[in-house]
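The following pair of complexes shares a single chain, subunit A, combined with subunit B in the former and subunit C in the latter.
Right after this comes the complex of A and B.
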């Protein structure tokens, strides 16, 4: 490992790390919001809406993330949609993850005990209140372990953004590798870095899982 | 449709490459996964740790990083392998870690009493695995394995970076030749969708048959 090279490129790498984290956080935040909306929409009385949402989820889960990024970033301009690489990357990550998050929320809503909803109805709570104060809080807790899991999967997907030239960590590393002929060192460092990141988040995830399980047992 | 029949022919060929790559990845990954799983479940403390480390590392490193690592690493140790070998190697190593976890989960689904009964009847360790644990674990793991296959088909799009003419790479070529990126990538995406929906359908069928067989 050539430390002086790494030191020289440290500012770019730190910037890249910041971009990685920012893309991950904003992409997943968008995905969570969209996913929640899609899960709610899947309960709509309109058959057409339900069918459209089903297609949305199947298409996004059935095609590779890289392909979706190409469609957004390279294909977008044909539809008048000119996005910067980073915007396309965040939007792409948001759309892709929303399909997974919506399935998680759908499952979590199904896990809310029916008796609680009936109790809320019988004391005269409005449908919105039942959602906001009974169903959503319980569903969020039930969904937290798989959400953390999906967050981990998405943290690894962020490296794909380097292919559409988003200046995140992988991109900066590859720039360094190309300019200094240290490809092996760079890739090795990336492998170690992501492994550490995933290990740390998984550990947090296991803690979240335990707490969620304890909460659901004590409240149901 | 603005993608010519010519391009669709290339894409169909590329779809064959995508499926072949993923099949190779699943097959070699299965061998790795089985070995890792056996090591973790009944291999003694040292082997179990090694298996655990394997799963942790290969699930933790993004596939793109792994692929580039293999691509750059092998020439350094003097092995000048073709891109295809690097691609299949990367897919297999990564899928092996996920399959090891699938098999471990499936083994937990085989009642513990059966292992005890087999031991009481004097089954050797090899016979226990060959005749009792693996056949049942494999049946339980059919649905998650189909799911893993679908994930691998999608993951194989990343081997386009080492220049293999699978769906994603061919779509990129068509996009740059025709200056119609939207049509090229949507067409490529539809090929993936067709493959994965077919797999999901087969998966549902296999699941129902496996359930019927278990009864």
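Right after this comes the complex of A and C.
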């Protein structure tokens, strides 16, 4: 290990790690919101809307994230969409993860016992209140373990952003490796950063899951 | 003669090729208690669910105090689904109690009762909590207000569910096998609440297998078999003097067990 090289590049690496976390957090926040909306849209009476959303999910899940980023960043300008690398990266991650999150929410909504919804209908509650007060809280509990899992997967997908020159951790790492011929050190340092991130996320995730489970033990 | 509280006329319903209800007629007058009995799969729960339109019906009419539920008639004599807001307004007046209680598991007993008051009746949370606490007291659960459903016994959960429905001050109460999911020793506490409600003059339509309760509390018993009401009369008549072979055969198993 060449500690002096690592020390020299430490500020850049830490800055890169910060960019990674920022892109990951904002991309996933966007993905959760979009995914929730897509899952709700999948219940719409309009057959056309449902079909469009189906295609949306299938395309985003069925093609490589790298390709989607290229299309967004490099192909965007020809459609009049000129995005900075970071904006394209966050937007791309948001779209990509929204496909996975929407499937999680769809499954979680389907798992809400029908009787709980009928109870709300029988007292005359409106659809929005039934969603906000009954369906969504119960669905979120069911969805929390797969959401944490997908968040972890997405944290590692952020390395792909380096390809479109987002100055995140992988990008800084490659710069260091290229400038100093220390490929092993660079990869080792990167592994440590990611492992720390994943460890923190899964610890928080376990606490969230535990609280969610206590909030809702079992139901008929 | 005032209009019946519930008026079911020639109601038919199919699930695909299977005809569940075949021209059902049934009236429930104000303050009357009617029990629907019959073998499983006979259509009694489906009929009950048609009354608040949780289940749609294909033919005939269901009226609540004279108002058609679920549909509105157009000028050509056809019918179309009634506006959702109007259906919700009608459902507010019809309380329903389910076999599996269907309490919201993420809310305390108190919140289960208060929630519809806030969302539907427009009460503030403080007003709704006061009223909910009163209702829980009426079903003997004042001390369980802050327990979540999973901490309550089946009998207690069902009493909370009854309190939730009653808090809305419905004009009619529907019960869909309210004691069928309960351990035998917990059935009594639920029936006791229902008996008290009947004594107060609540209009009740009850799907049940509790023949003893039906015999003592109901004003009328309607027996359904294969989607048709084959007997409808006072308990004494249905239980002891029916000439219908299906009724006699069905009740024989209860006679054998000395249920009433």
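Note that in this section the second predicted complex is superposed on the first by the 197 of 220 C-alpha atoms of A that agree within 3 Å, B and C clash if a C-alpha of one lies under 4 Å from a C-alpha of the other, contacts with A are read in each partner's own complex, and residues count from 1 in each chain.
Here is the rule we use: a contact is a pair of C-beta atoms (placed from the backbone, for glycine too) under 8 Å apart; a residue touches a chain by one contact, two chains touch by 3 or more.
No experiment lies behind these values; they were computed from the predicted model shown.
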| item | value |
| --- | --- |
| Superposed partners subunit B and subunit C on subunit A - clash or fit | fit |
| Contacts of A:163 with subunit B and subunit C, given as first, second, both or neither | first |
| Partner chain(s) touched by A:37 [first = subunit B, second = subunit C, both, neither] | neither |
| Touching partner for A:137 - first (subunit B), second (subunit C), both, neither | second |
| Subunit B versus subunit C as contact partner of A:68, first or second or both or neither | first |
| Contacts of A:5 with subunit B and subunit C, given as first, second, both or neither | neither |
| Broader residue contact with subunit A after superposition on the shared chain, subunit B or subunit C | B |
| First, second, both or neither for A:208, with subunit B first and subunit C second | neither |
| Which of subunit B and subunit C A:83 touches, first, second, both or neither | neither |
| Contacts of A:123 with subunit B and subunit C, given as first, second, both or neither | second |
| Three-chain overlay, closest Cα atoms of subunit B and subunit C, distance in Å | 25 |
| Common interface positions of subunit A, toward subunit B and toward subunit C | none |
| Subunit A residues within the subunit B interface of the complex | 58-59, 62-68, 70-71, 74-79, 156-157, 159-160, 162-163, 170, 183-184, 187-188, 190-191, 194-199 |
| Subunit A-touching residues of subunit C, taken from the complex the two chains share | 52, 54, 84-85, 88-92, 94-96, 98, 100-106, 115-116, 119-120, 148-150, 161, 164-165, 168, 181 |
| Sites on subunit A touched by subunit C in the complex | 113, 115-116, 118-127, 129, 133-134, 137-138, 141, 215-220 |
| Complex contact set, residues of subunit B against subunit A | 56-57, 59-66, 68-69, 72-73, 76, 150, 153-158, 160-161, 167-168, 171-172, 175, 180-186, 188-189, 192-193, 196-197, 200 |
